[in-house]
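Next up: the structures, one after another.
In the two assemblies presented below, chain A is common to both, partnered first by chain B and then by chain C.
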Partner chain A sequence: MEPLKIVVTGPVGAGKSTLIRTLSETEVVDTDASASEVIGKPTTTVAMDYGTLYLGDQLLYLFGTPGQDRFDFMWEVLSEGALGLLLLIRGDRPEDFGLARRLLDYITSRQPVPYVLGVTRQDQPPVWGPEEVAPFFGVPAERVVGLNAKDPRSAVGPLVRLLELMIAEGQIA
Partner chain B sequence: MIVTKQEILQGILRELKQALPELRSIVVASTDGLPIVHDAVDAPRVAAMAATALGLGKRISQTTDLGTLEETIVRGNQGYFVVYAAGDKGVLAVSAPADANLGLIHLEARSFAARLAQAL
Partner chain C sequence: MARPATQIKRNFRCTNWFCGVLIVAIFGNLTHMSLDDLLPFLSSRDGALELFNLKRLPQVTLYFRKGQLHCVHLGNKPIDALQARSVIGELISARKGSFEFIPGAMAKSCPDVLDWPVDRILISITTTFDEYAQVADRLPHADTLFKLTHITVPDDTRLSDFWKRAHIYLQEGVSAQQLANKLGMPVDHTRFYLLKLQQLGAVAAGRAHKTQRQERRAGVAARLLGSLKKRFFGEGGAWSH
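Showing the complex of A and B:
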């Protein structure tokens, strides 16, 4: 079975690095630098995160992007050969949804790739749930999954969904 | 007279240009990719890329047992783009033509990067 390259993207602070650290079964490659803007955390990813895990027999390579617009060139670099996309958004920051929707449109219009939206911070109400986020993004409900990026059992949810959708659509066996 | 941090950094930038007149552009940025002082037209983009190159360079250096990163060098057939760490907070990126003296650039840029680290 061929390994699947998945890109994990989304606005700053969505939980991309956290999710990869939570799920990776190998040592994570991260590129944190101290944040000079107020973004609610001391460090930020400047190049990429990288981790790997097995879902059953399927090996996944997870490539995380930086979150700020100014690093948009990394999206093109990291998405080379990507077979799936996980877009993370913080469920308690609806002000970021507009940006995330533009990101999703930008990505899927350039290169149609199977995707799932992950809505993070489900453990910290008040927070938007996946069923509320789906209509905002205008995407089918099954493409939106709620999660807590710090909890391994919860964080794996959107990746399981992505694989299920890819299998259902015949993109992987 | 009060000299601001920005003025000190501008002064260092001017001195670096005098020391290495062959440089095409100089960008000083934060390690998270925001321009601080520069003489480049497309500074925001170069600053972000310099931070990415430095961050990835540090990680490659660590992962492959190269020790502490000295600089990341991109060499094209028409020139160089070299990124130096300026302490923990800063990045110094310089662009030079292909016939530039890279040894001299390293010598000067490393000492200016140390001065920038103090000033940042």
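Showing the complex of A and C:
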């Protein structure tokens, strides 16, 4: 059976690597390196994160894209043919929302990929909740999910929502 | 140093005997005197300010009449209000280029008469480009496709000029890069205008149409969802947030 691909993207520090580590059942291949600029954490992903998840006999690849703008060419390459796109944003960093919207608009206007927004750090208030984030991104409220990327039962939430929306859209179609 | 009169390309007509013939008295370099220094000085004169040797633009000619910017030519061709805003924005930030003022010169051709009061140009365009600098890191990607969400002309004249030219293309869906090519203006400026229209809710990023392959994946999603819930929440477990 052909493996399927889920792409996890978002600005620097949104929790992409954490989410993939939380969900992956194999050791995550990461390419973290010391940050060459001040981004609020000592290391950052410079190529991509890669994890796997078996659901029944179906293999899912989890790809995390680097958040820095200069890697924007990878956003489209990785999103092509993906089962879905998870865009993560940190609920306590509204200053990153503009960049995240830019990223979401770019990918989804060019690739017909189903998407869900995940708002991280919901366990560390004060944070923006999903219902406040949705209007900023101009997306329906059901496409935004709050989560804690370190907790497996919470981290899987955006993926569950993505699959639910795909099923609902398939039924409508 | 001023160009010899023989090198001045005559793309204007004259209203006085000394126009463009005698020594050009007002000349210089944008390195030492920027356009925002020059404009107030020229607001009381009739004539043409030619700017050349510019880094990012061909020769630009600004025609002044009765305290107003009457017309703008880019590379000896008249341009419309939208392009004129972009060109003046570029000129205000330009620090390389030469200029000469030809008293009494008037445009031979000016299909889009601007007649902008000179004292307001600086405020309007400088404000726009200050705002641009503030949002530079949030501008949409040049290849993001945008579509109209509703057809209402924005009140702000800075946006309405852009709207009038761009809305036909936005009905079908167009990127900042494509618009820049169609409208003859820098892509960073079209990105800025699209961001402003997006903030007003007048345009939104178009979502790519689903393919048949994506439609077929609804069945795959149903199969995966059961396994996913079982794995993370156990038999009969449900996710709720």
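Note that the second predicted complex is superposed on the first by the 161 of 173 C-alpha atoms of A that agree within 3 Å, B and C clash if a C-alpha of one lies under 4 Å from a C-alpha of the other, contacts with A are read in each partner's own complex, and residues count from 1 in each chain.
Throughout what follows, a contact is a pair of C-beta atoms (placed from the backbone, for glycine too) under 8 Å apart; a residue touches a chain by one contact, two chains touch by 3 or more.
Here the structure is a predicted model, which is why all the values come from computation and not from measurement.
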Per the contact definition in the header, classify A:Val29: touching chain B only (first), chain C only (second), both, or neither. first
Go through the superposed model and pick first if A:Ile6 touches only chain B, second if only chain C, both, or neither. neither
Output check: A:Leu62 vs chain B and chain C. Expected answer is one of first, second, both, neither. What do you get? neither
Can A:Pro112 be said to touch chain B (first), chain C (second), both, or neither? second
Using the touch definition from the top, say if A:Met166 reaches chain B (first), chain C (second), both or neither. second
Count the residues of chain A touched by chain B and by chain C, then name the partner with the higher count. C
Could you look at A:Met48 and tell me whether it touches chain B, chain C, both or neither (first, second, both, neither)? first
In the superposed arrangement, which partner chain does A:Phe73 touch: chain B (first), chain C (second), both, or neither? first
Starting from the residues of chain A touching chain B, keep only those that also touch chain C in the other complex, and list them. none
Looking at the complex, which residues from chain B come into contact with chain A? 30-34, 44-45, 47-49, 51-56, 58-59, 63, 88-89
Within their complex, chain A touches chain C through residues 4, 55-56, 58, 60, 69, 72, 83, 98-99, 101-102, 104-106, 108-114, 138, 145-147, 152-154, 156-157, 159-160, 162-164, 166-167, 169-171, 173
Which residues of chain C touch chain A once you look at their complex with the stated criterion? 135, 137-141, 143-146, 173, 198, 201, 204-211, 214-215, 217-225, 227-229, 231-233, 239, 241
Along chain A, where are the residues that touch chain B in the complex? 29-37, 44, 46-48, 66, 68, 70-71, 73-74
